[in-house]
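These notes open a run of structures that come right after.
Consider the two complexes below, in which chain A is the common component and chain B and chain C are the respective partners.
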Partner chain A sequence: MKTYLPVLIMTVIALLIILDFFVADAPSVQWIKSSGLVLRSWGIVIAAFAMGLGAVNLLRRHTVAVSRREPEAFYSVLLLGSMLVVMVLGIASGTDNPTYSFLFNNILSPASATMYASIAFYIVTAAYRSFSAKSLESWVLLITAVIVMLGKAPIGSVISDIFPKAADWIQAIPNTAGMRAIVMGAALGVVSSAVKMFLGLDRTYLGLHD
Partner chain B sequence: MSLDFGIWVAGLVTLAIISHVWKENPLYRSAEHLYVGISAGHAVVVAWGNIRDTAAKPMQEEGQLIWIIPILLGVLLYTRYFKKIAWVARYPIAVMVGIGTGVAVRGAIHGDFTQQIAATVSVGSVNDILLLVFVIASLSYFFFSKEIKGPLSSVPQLGKLVLMVAFGAAFGTTVMGRMALLIGRIQFVLGDWLGIMK
Partner chain C sequence: MLIELGKQFSFASLFLLLVLFVCCIRQARRGNVPQIRRLPALDAIEEAVGRATEVGRPVHFSPGIIELTHERSAQTLAGLSVLSYVAKLCARYDTDLVTTIMKPDVYVVAEEVVKQSFLEEGKPDRYRGEMVRFIGAEQFAYAAAAVGIMHREQVAANIMIGSWLAEALLLTEAGAQTGGIQVTGSATVAQLPFLVVASDYCLIGEEIYAASAYLSQNPVELAVVKGQDIAKAVVIALMGVGSIFLAFGSEAILQLITK
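== the complex of A and B ==
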């Protein structure tokens, strides 16, 4: 009961949401449409509670680190302090609060942009280490990457007009074709995984690894 | 050089995070933990706003008591902290997974499958024909049920090359995107903050 009922609930809810999208807009099946809509809005609320669960776990983990005076407890203090300040300000006085905006605009935004920007170094070094052009396929990948990069950088059009045009064509035709095949394969994978879950063959989401 | 306190904080945070490229250091770790703390706090504030606007307000102002159900399910997620009743959390998880699976499957069938086929088979130019051939070739590369032999074996070979072109293009685009962000940060540090560059 503790196992099969959740699987049944999951299956019924998933099928209702799938049917809601594919059934015609007729009065006889209006209940499917409205149930699908209601369930999707419930999802927003339950996911919000789940976010709180993640926050509680983070708070617990770092509170323990501080109380045990672990060697890196200073960083945990920084994390706990910033998290609590943002939470209290945001919940008590909204996201328009000047201190909240200050933290968001002058720490979160630049830190986020710099994190993504610093990935540029790691991508380039990883590519230098792993791009050993020993086969036709690796040559094709390498040459395509170089053409696309030159096509998108100002220096490419200075060298030749061909680079931006070639980059655009590569992105519009072979890139779209390759990505389309991957997306279609992934879609079939999503459907087959869902069927496995509906049949109760995959119950790992309930913490059951049988 | 800027005299704005906010720009100084943003500049120091930028330098602290970029310093990780050299090696991990206390400045980076401090900025990293501040980033995680503020992100997590912001996520909680957004989640709180979702509960308030989607469920609490309609319940209080319009008497829509149906919203008690998702709120109750959300609260039941926290039973996982109590060993004896931890199994109760399976019900809200089942509801969430059901909603996620339903939304994912309908998106996969419609947007990622039928619409992709429809867009591929609508042929009107040489490029469209090439696109159709390349998609079929790429799909044939993923066909593992039976080995493709004879003259047709060149089709998955072509598919493999098309996929390599796609990966190369994806790599090039990602590098250029990250470079654009890096240039933006350098412009901020040297221009907005230090005033060296205009």
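== the complex of A and C ==
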């Protein structure tokens, strides 16, 4: 019962959501449309509760780190302090509060932008490691990357007109064909995963196995 | 008309796919179990956990940054299937596991998956709440925290199966810097190039959905993978026929699939 009931609930809900996508806006199937709408709202509410559980996990772990005086406890104090300030400000005066906006615009946004910008350096280190021509595949990767880089950089067209044309061809033909093949295969993979769940074959989402 | 115009072909295709999968499953139950090719990335997971055990350092796992209600959530669920396998290996070898999670709904499921895996390996007492860590629902805050955890705890294996955005390269480069084996997998096309170049093994596209069948060798799950391959062959044939029809000026196939 503990296994079959959740699978049954999931199958019924999933079928309703799928039918909601396909059925026309006719009066006879209006109940499917309205059920789909209600179920999606429930999903939002459940996700909000999950956020609460996540916050409890964060609080528990960092409080333990502080009480045990772990080597990085300073960061836990910083996290707990920031969490408290933002929560109190947000709950007490809403997200339009100037102090709340100030914290968001001057701490979170620049920090996120810094992380994003650091990707440029990581691309270089990843390229340095992977572009060592040790096998046929590495050679193909290396030559393709050099052609595309020269085609996209101004110096490429100065050296030869061939580079921009070759770069465009690589991106438009082999690259697009490969990407579409991956997308199509993945789409069928999604359907097969859904079928496995419908039939109760994959129950990992319940924390259960065979 | 009960089915909306423009979605009738999709609906019929979905129904036929379902019938095809059921036929393949029935065949497998009769003993006609299909074989699937080797997936080196999945074979490498045991090696990665084994090496982490030898050096006494933890394994890092991430199921991606997509919630369970998103259109790409199937990738997260595929990641959670692999997580259960990784957690079982960690329980078996008494290796520490660190699972970092960005989305709260995924956190709840991941915690249950890891707990259950330790229970199934007969070591429920080895499970600790710290094995599954909710970081925060902000993309780069998650990336910064996960990179920090990987460096501080010197993870010996980094396994990432799921859907990623720009943070994919930050995590895999952190994994490379700690010197561990990296096994990644995703069906998010924009991030695949980064994962392929930065990790030791990478599952590409549909391979992540076959992972659960490959790892369990469950005949019924293998049958679904076979059904998926038959469907792929049909789609390729349809594309070929459609191209020939279009070349001769007929839009019959095009009209059929847009019905």
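Here, the second predicted complex is superposed on the first by the 165 of 210 C-alpha atoms of A that agree within 3 Å, B and C clash if a C-alpha of one lies under 4 Å from a C-alpha of the other, contacts with A are read in each partner's own complex, and residues count from 1 in each chain.
Keep in mind that, in the parts below, a residue touches a chain if its C-beta (ideal position, glycine included) is under 8 Å from a C-beta of that chain, and two chains touch if they have at least 3 such contacts.
Since we're looking at a predicted model, the values are computed, not measured.
Asker: Could you look at A:51 and tell me whether it touches chain B, chain C, both or neither (first, second, both, neither)?
Answerer: In the superposition, A:51 touches chain B and chain C alike.
Asker: Would you check which partner chain A:147 touches, where first means chain B only, second means chain C only, and both and neither mean what they say?
Answerer: A:147 contacts chain B only, not chain C.
Asker: When the two structures are overlaid on chain A, which partner does A:26 contact: first (chain B), second (chain C), both, or neither?
Answerer: second
Asker: Applying the document's definition of touch, where does A:204 land relative to chain B and chain C: first, second, both, or neither?
Answerer: The second partner, chain C, only.
Asker: Given the superposition on chain A, which partner contacts more residues in chain A: chain B or chain C?
Answerer: B
Asker: Regarding the shared-chain residue A:91, is it in contact with chain B (first), chain C (second), both, or neither?
Answerer: In the superposed model, A:91 contacts chain B only, not chain C.
Asker: Touch check for A:155: first (chain B), second (chain C), both, or neither?
Answerer: After superposing on A, A:155 lies clear of both chain B and chain C.
Asker: Is A:129 in contact with chain B, with chain C, with both, or with neither (first, second, both, neither)?
Answerer: A:129: touches chain C, not chain B.
Asker: Using the superposition on chain A as set up above, list the residues of chain A that contact both chain B and chain C.
Answerer: In chain A, residues 18, 21-22, 43-44, 46-47, 50-55, 58, 72, 108, 111-112, 115-116, 118-119, 123, 127, 141, 179, 181-186, 188, 190-191, 194, 197, 205-207 are touched by chain B and also by chain C.
Asker: Enumerate the contact residues on chain A facing chain B in the complex.
Answerer: 2-3, 5-7, 9-18, 20-22, 36, 38-56, 58, 72, 75-76, 78-87, 90-91, 95, 102-121, 123-124, 127, 136-138, 140-149, 152-153, 167, 169-188, 190-191, 194, 197, 205-207
Asker: For the complex, which residues does chain A have touching chain C?
Answerer: Against chain C, the touching part of chain A is residues 18, 21-26, 28-29, 43-44, 46-47, 50-55, 57-58, 60-61, 72, 108, 111-112, 115-116, 118-119, 122-123, 125-127, 129-130, 141, 179, 181-186, 188-197, 199, 201-202, 204-210.
Asker: Touching chain A in the complex: which residues of chain B?
Answerer: Residue list for chain B touching chain A: 6-7, 9-11, 13-14, 17-18, 20-21, 29-51, 54-55, 66-67, 69-71, 73-75, 77-78, 80, 87, 90-106, 108-110, 112-113, 116-117, 119-120, 127, 130-131, 134-135, 137-139, 141-142, 159-176, 178-179, 181-182, 184-185, 188.
Asker: So in the complex, which bits of chain C are touching chain A?
Answerer: Of all residues in chain C, those touching chain A are 1-5, 7, 10-11, 14, 17-18, 21, 25, 67-69, 74, 77-78, 80-81, 84, 101, 104-105, 107-109, 111-113, 115-117, 120, 129-130, 132-141, 143-144, 152, 166-167, 169-170, 172-173, 176, 187, 189, 192, 194, 197-198, 204-206, 208-210, 212, 216, 218, 220-221, 224-225, 227-228, 231-232, 235.
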